[in-house]
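In the two complexes that follow, subunit A is the common piece, with subunit B as its partner first and subunit C second.
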Partner chain A sequence: MNLQQYNISENNFEQCIKCTVCTVYCPVIPINSNFPGPKHAGPDGERFRLKDPDFYDKSLKYCLNCKRCEVACPSGVKIGDIIQSARIKYNTASPKLRDILLANTDFVGTLSTPFAPVVNMALGLKPVKLVMDSVLKIDHHRTFPRYSSQTFESWYRKNAEEEQKKFPRHISYFHGCYVNYNYPQLGKDLIKIMNAAGYGVHLLNKEKCCGVPLISNGLIKQATSQGQHNIDVIREAVVDKNMTVVGTSSSCMFTLREEYPHLLHIDNSDVHDRVELATRFLFRLIDNGDLKLVFRKDYKKRIAYHTPCHMERLGWAIYSTSLLRMIPGLEFIMLDSQCCGIAGTYGFKKENYATSQGIGASLFKQIADVNPDFVATDCETCKWQIEMSTPYKVMNPISILAEALDVEAIQKINRL
Partner chain B sequence: MKKVGEGNEYDVIIIGGGATGAGTARDCAMRGLRVLLLERFDYTNGATGRNHGLLHSGARYAVNDSESATECIKENMILRKIASHCVEENDGLFISLPEDDIAYQAKFIDSCRKAGISAEAIDPKEAIRIEPSVNPSLIGAVKVPDGSIDPFRLTLANVLDARQHGAVTKVYHEVVKFIREQDRIVGVCALNHKTKEVETYYAQFVVNAGGIWGHHIAEMAGVTVNMYPAKGALLIFGHRVNNVVLNRCRKAADADILVPGDTITVIGTTSSHIPYDEIDNMRVTPEEVDLLLREGEKLAPSLATTRILRAYAGVRPLVAADDDPTGRNISRGIVLLDHAERDGLNSFLTITGGKLITYRLMAEWTTNLICKKMGLNEPCRTAEVPLPGSRQESEEVKERIASNNVYRAAEGRHGDLTKEIPLDNEYDNSLVCECEGVSVGEVNYALKELEISDLVSLRRRTRVGMGTCQGELCACRAAGLLSQAHNCTEKAKADLVNFLNERWKGMYPIAWGESLRESQFSAWVYGSVCNLSSGKTK
Partner chain C sequence: MKFDTIIIGGGLAGLVAGIRLQEKGRQCAIVSTGQSALHFSSGSFDLLGKLPDGTEVDNPMGMMNRLDAPHPYSYIGSEAIAVYADEFSEMMKRAGVNLVGNVSQNHYHFTPMGSVKKTWLTLKDFTILDRPDNFPWKSVAIINFPGFLDFYTKFIADELEKHDVKCKLSLVKLPFIEKIRTNPTEMRSANIAKTFEKEENIDAFVEAVSPYIKDVEAIVVPAVFGIYSDKPLLYLKSKLNKDVCTIATMPPSVPGIRMQQQLIHYFIRQGGTFMLGDTVERADIEKDEVKAVYTANHSDIKMTADNYILASGSFFSRGIIARPDSVYEPVFDLDVFYDTDRSHWYDTDVFAPQKYMSFGVITTPDFHAIRKHVTITNLYAIGSILSGHNALHEGCGGGVSIMSAMHVADNLLKNK
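For the complex of A and B:
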């Protein structure tokens, strides 16, 4: 008899043995007592929701979707996915205007780019912040990321696209909204490193926002159609052109790889393993003996690395930190792995501001105690949160590498 | 020993705290009789608490036993009204699989309609739409008004109403002797298991509602009621697999009913004759587990991979009528024995046979007979008056349900009585049982109002320990509250060990996969962290 060889349940919810380790690792629980915690909102709540959908609890919106519960779970229960799936399935309330604005990062970005100086100035003005606070319920403490007056994409087309063809090997770059609208420099830094390593960098055939803010704001239909488009264009790069797709944002990468199949039911199995963070791609090249890096001798910095939640879930912090540790003049400090509290658009909402800052408080304190030259992290929203909540500047490991590299020496040693 | 006239005199003594005994106590009390209900252990300890929890439409009996089928559908409709907080109106499907004779379907529908049961053949695709877990290879389906019923709640609601009408109810009182004067039973001696004292009670009538144990009770009274012990084993799955009751459309056989109830799903039953001396020691065998799974998978294929929480078995209180070895052909009809007429023993009645769902009708027949003998002309009102818990819910209850899932879970168990549960502050609202959402307030309410003597009775009243953790997190918290209420830590600790052993007994036959992992984890928690010495593997 082949029965009962395995217990199979959606997101492994029946694999939960109620050990409650997830609840111990939940960053929200100690700060916001309205959140029932991952165990109760996840596998416990699922049994009730299967009985009667009215057991769907609105307090599930307090979940940051940080997935630290899933990392902690010894039974492989996809607790975060259970909670997010329940929100998708049972939440009947339609998203507010504010949530739609916050979620549509690329649409808002497109509108803001031509007027970047005005938008940046306006978003920084106290009266504007107060109006956004009272009308839109976007907390006035928040600093919006500055918009760039030229998108990364248009810079790339004008200044970089042509010369990429001359390289022997090629990759595709999923730059994400942040690089495109707010901080093109990070994309330029990536191109500098990849070019030094002998790789031409190409853009996808019109990428769209990965959808992480859409998912967390309940705009599932839009997230699914954008996700499907992204996987289609990623497939063109990976399958048709045999190019790996790299990114510089841990949340974008996590979404493309894991949230698409788990939450949006988009099949990405044929390209999943070829979508990764640039630091992982680089580290593996070096680890395989396919690339050697050389760093400037005059580069001296003391930096502290913060592990974004989705980096923790991916298990990829080791790649970024190992690369940073290769820089001889760099004094490396690993911060305790904990949530910074912003969780994408979550922390921008007025009702979540206190929770958000409460969650991050111990991180901010640790950074102050360590007193680095700057903080390194792979996630742009962690960067905003830390820069807003501490006096320290935050950089992506790719930008740090770009600054510390000795490009000529690398090309020489790798015989490029 | 108390003598007559010392407050120990009643009109009727009812022996047995199952649905039938509790229902009879309610009916008698509502008709103005002075009632004493005696239960050997706890309410619902016998067959009442060990079945599917199926609100039969009667369809299952329609082909072979139209009388039972007719009774079922009538009582089904009554229970939906008077016991709404115990009932889930899920509907049922009788499905035909390729291996079944589809010709049976027409006969089945015809028989149902004759018995007054609405039975509508639906397209297999429609069946899959309304119940996605159903075996997709089905070739036919008939929709009937089956449902689910919680026998613990139902019995307790009858007890509560009986008490509200003046009945006295005593658990852990075992009748050990009848007091007989010539050809008349005038009272009983009952051993109080808590005090170990024998108490004496007198009454004009004594009703034997002891279910399968009625055999022995009748024997004590000096008459013979031959019961036919037919064991039925069932499995509980960890969550709701289906939301519509699934049956096989064929002659009744093993493991062909899958019933969703509260947070779980139950498959059953087997049927095997067992010797009478084994009825107090039910064990589910590996063969029974195999059979239940093999057949259950045909109803809903996902059962093959769904976690099983427990296995349990009950004994049907069937009255032996012929020498059928399976017990399936014995009528499930109600048997009311007037021992005066049958055996020349006055004032003693036995009510047995029947089914959980006809408990009210059994009570009505019994009470009618008593009233007739007493020359009383009180009509039965149990079919019209809703039970406590199933009455009009206040706006306050409705409001709180919307904002508080702890309250919503409690309301599912206690209906309108939820308003009695203190859930005003964070402590009362905090959970004792996380799987089933039972709060401190609810446990304290049960301790105060629902005759709780130990963790087992608390489980039956509130579902503490019925979830997937099977006591891992909740049992020690509940034991803490019990020790507070009874002001005795030692007793609570012993009770905790008993409770965990009782939980393990149900897990043992299905101890593999996640259930085994979880019980092992529980054993570590209680053995190593709480230092309970006689661990659950005892």
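For the complex of A and C:
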């Protein structure tokens, strides 16, 4: 009998063989020496914490939750999950007002959208930034993403919902807070592509924020209840209506699929495989021979792709990059996969600003060396970070595809 | 996802095969569960140090014909090995990795304990000796940093003094390295090496050691110079008017990390697809042919290729897994050589040859894998997963990985 197989914890820290590989790839250690590193904060510390919770170390908050330690681990230890679970289990400090505001992207978005022009202007004003810096400790170097004056959801209801019914096949779209409050155009681009491919796009029965900022700011109860709601409405789409749920944000998708079961203990096993990035959904259609894409001949661009951390963990960059490489007039450059430093709300906090920019520095330099027309990436916070730290514009691959597509030719060749 | 060849395992063997094929225009994907054992590399590759009967080998080529089947070298043949040896060194040079050594004459390199050990090829970073007692200096200064526990200055001095080399031990305190000590557990070679990416920090090091090295012929330092390229070490050598002898540290190995990163980058630059942090979980096999493999990240999206190479390593990386009564190969369930009597697996004398080290998959003489006694026509096994050799006892691990990879890649290139 192999006793070892009966002695494996939920987060498998016993599998760690102390090889130190993870410590080489932690983006935080070289910049912020207060962080004890993934090996010590993760599997090593867990042994102590299980004996006595007093061994919990507050400096675990410096972990970006980038999961690059997990990607590097040759033994399959979920190091990032161990660290985040420890923060959830042992951290007793209650979140600050600033953290609550940063974490509640959908609540703040709902308040801001009706007053978008005023909010956008105010958030850009120097005095406002200085007050936010000194009172809320939101770093004044940061630029808040602009709020849209109409949410994606209300645009959809007015302009798109009705015509989606005429398509032969259907998918559901988890648009996330960014598309809804800040950049509805990305959602419109997705609808353009999916419609061209013969799919009607539907919204879930009232999605809530996936919870990634809530988790990282310690608002676990709220994250869990929103997560449970999301899985309930995703289940309606997947199980009751047999629709795959696609998204355009790698972090939302990663959270729905992986963080829900691993950190929030929400069972998503019956829908897990039917929640994915739109680029993965499209790649599969093409790979199976069910869809052919045709692109405009006059589309000529030089694009550098940045791999977001959660995309690296999912191993899905190949879907987005393969689709981009299909565009004949596109000169494609793959940037080295590294953390941009923002890690969602982490980089907005005053105390993390220097770490955040230090981590991203080599990425910004590589982008400048490559000098593309623009950068492509699947994560909105990476987009903000790169746009704040370099002069380059950043686009989601879905928007690039939507711009380069020849819709009529696609419908003709696919006999739609 | 379609490729010409899919390689399972991103260690030395997988990368050598991938680069060899990709350089000739074959589209390859390497799937790697985390980073590889190159992170623990001594900076040298052994070809053959001892025959299975314990006879010492000084001239590996001269002794090749003393190895019988199923030793992998006996399948490849000494003529081919001599050719591959030259071609491998050239290929590494193209990837930016510079090695010295000769297939007909083993040389000696320093171990982290300060003793010398026989080997075939050594990174140019390191000092090599023609004979085990032929030391180039009469006096050295051994330098370490306070709190760096992975470099054993006293052991090194004891070994060198056995050969009448006078040793002076010194510690140098540098503020940028002291910063890493905020967390003593993170005082590791890779983190120290990252600080020496800045030339000004090397200048500071040179200044700090200058009082200790005036009356010695050489300076012995831990191998913490050059994690991304060999530039920091070359810069250090240019600034010191002394011989610099770097000695590998305990893991992680900075030169090993650099070598692996250079090989991965070169593979990608040649057009290869490197999937890090993904695991091949199962395969479709029909009769004697692999039809597709499936990975954790790509789930239902299958990966297909004309040929498949299994380079998943031995026990450490779970290329083969031991159960109480048997040893199995987890991806394809290939035929594995092992002793059915567990009491024969190991010798209680830890320094004696250990039989379990010779367990591995059984192949045909051209390294086709065998499953339930049937040869799989498009599946090959290379590297440390192979049976028929004992890497530790014979000092042949690096050589078997390199030679079997070169051999299989060349056979694939010949076939089409």
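Note that the second predicted complex is superposed on the first by the 409 of 416 C-alpha atoms of A that agree within 3 Å, B and C clash if a C-alpha of one lies under 4 Å from a C-alpha of the other, contacts with A are read in each partner's own complex, and residues count from 1 in each chain.
We adopt the following convention: a residue touches a chain if its C-beta (ideal position, glycine included) is under 8 Å from a C-beta of that chain, and two chains touch if they have at least 3 such contacts.
Only a predicted model underlies this, so the values are computations on that prediction, with no experimental measurement involved.
**Q** In this superposed model, does subunit C or subunit B come into contact with more residues of subunit A?
**A** C
**Q** Check whether A:Asp287 is in contact with subunit B, with subunit C, with both or with neither, and answer first, second, both or neither.
**A** second
**Q** With the two complexes superposed on chain A, say which partner A:Asp54 touches: subunit B (first), subunit C (second), both, or neither.
**A** first
**Q** Taking the superposition as given, does A:Glu312 touch the first partner, subunit B, the second, subunit C, both, or neither?
**A** second
**Q** Between subunit B and subunit C, whom does A:Asp44 touch in the aligned arrangement: first, second, both, or neither?
**A** both
**Q** Who does A:Glu14 touch here: subunit B (first), subunit C (second), both, or neither?
**A** After superposition on chain A, A:Glu14 lies in contact with subunit B alone.
**Q** So, A:Val24: does it touch subunit B (first), subunit C (second), both, or neither?
**A** It touches subunit C, and subunit B stays clear.
**Q** Quick check on my understanding: which residues of subunit A belong to both its subunit B contact set and its subunit C contact set?
**A** In subunit A, residues 1-2, 17, 19-20, 39-40, 44, 75 are touched by subunit B and also by subunit C.
**Q** Where on subunit B is subunit A touching in the complex?
**A** 238-240, 260, 262-263, 290, 293-294, 297, 302, 304-308, 405, 408-409, 431, 434-435, 437, 467-469, 472-473, 512-514, 517-518, 521
**Q** Given the complex with subunit C, which residues does subunit A contribute to the contact?
**A** These residues of subunit A touch subunit C: 1-2, 17, 19-21, 23-25, 29-30, 33-37, 39-40, 44, 59, 70-76, 273, 280, 283-284, 287, 312-316, 318, 334.
**Q** Taking the complex as given, what residues does subunit A use to touch subunit B?
**A** Residue list for subunit A touching subunit B: 1-9, 13-20, 39-40, 44, 46-48, 50-51, 54-55, 57, 75.
**Q** For subunit C, which residues are in contact with subunit A within the complex?
**A** Where subunit C meets subunit A, its residues are 1, 33-37, 39-40, 179-183, 185-186, 188, 190-191, 194-195, 251-252, 257, 268, 273, 275-279, 295-301, 316-318, 323-324.
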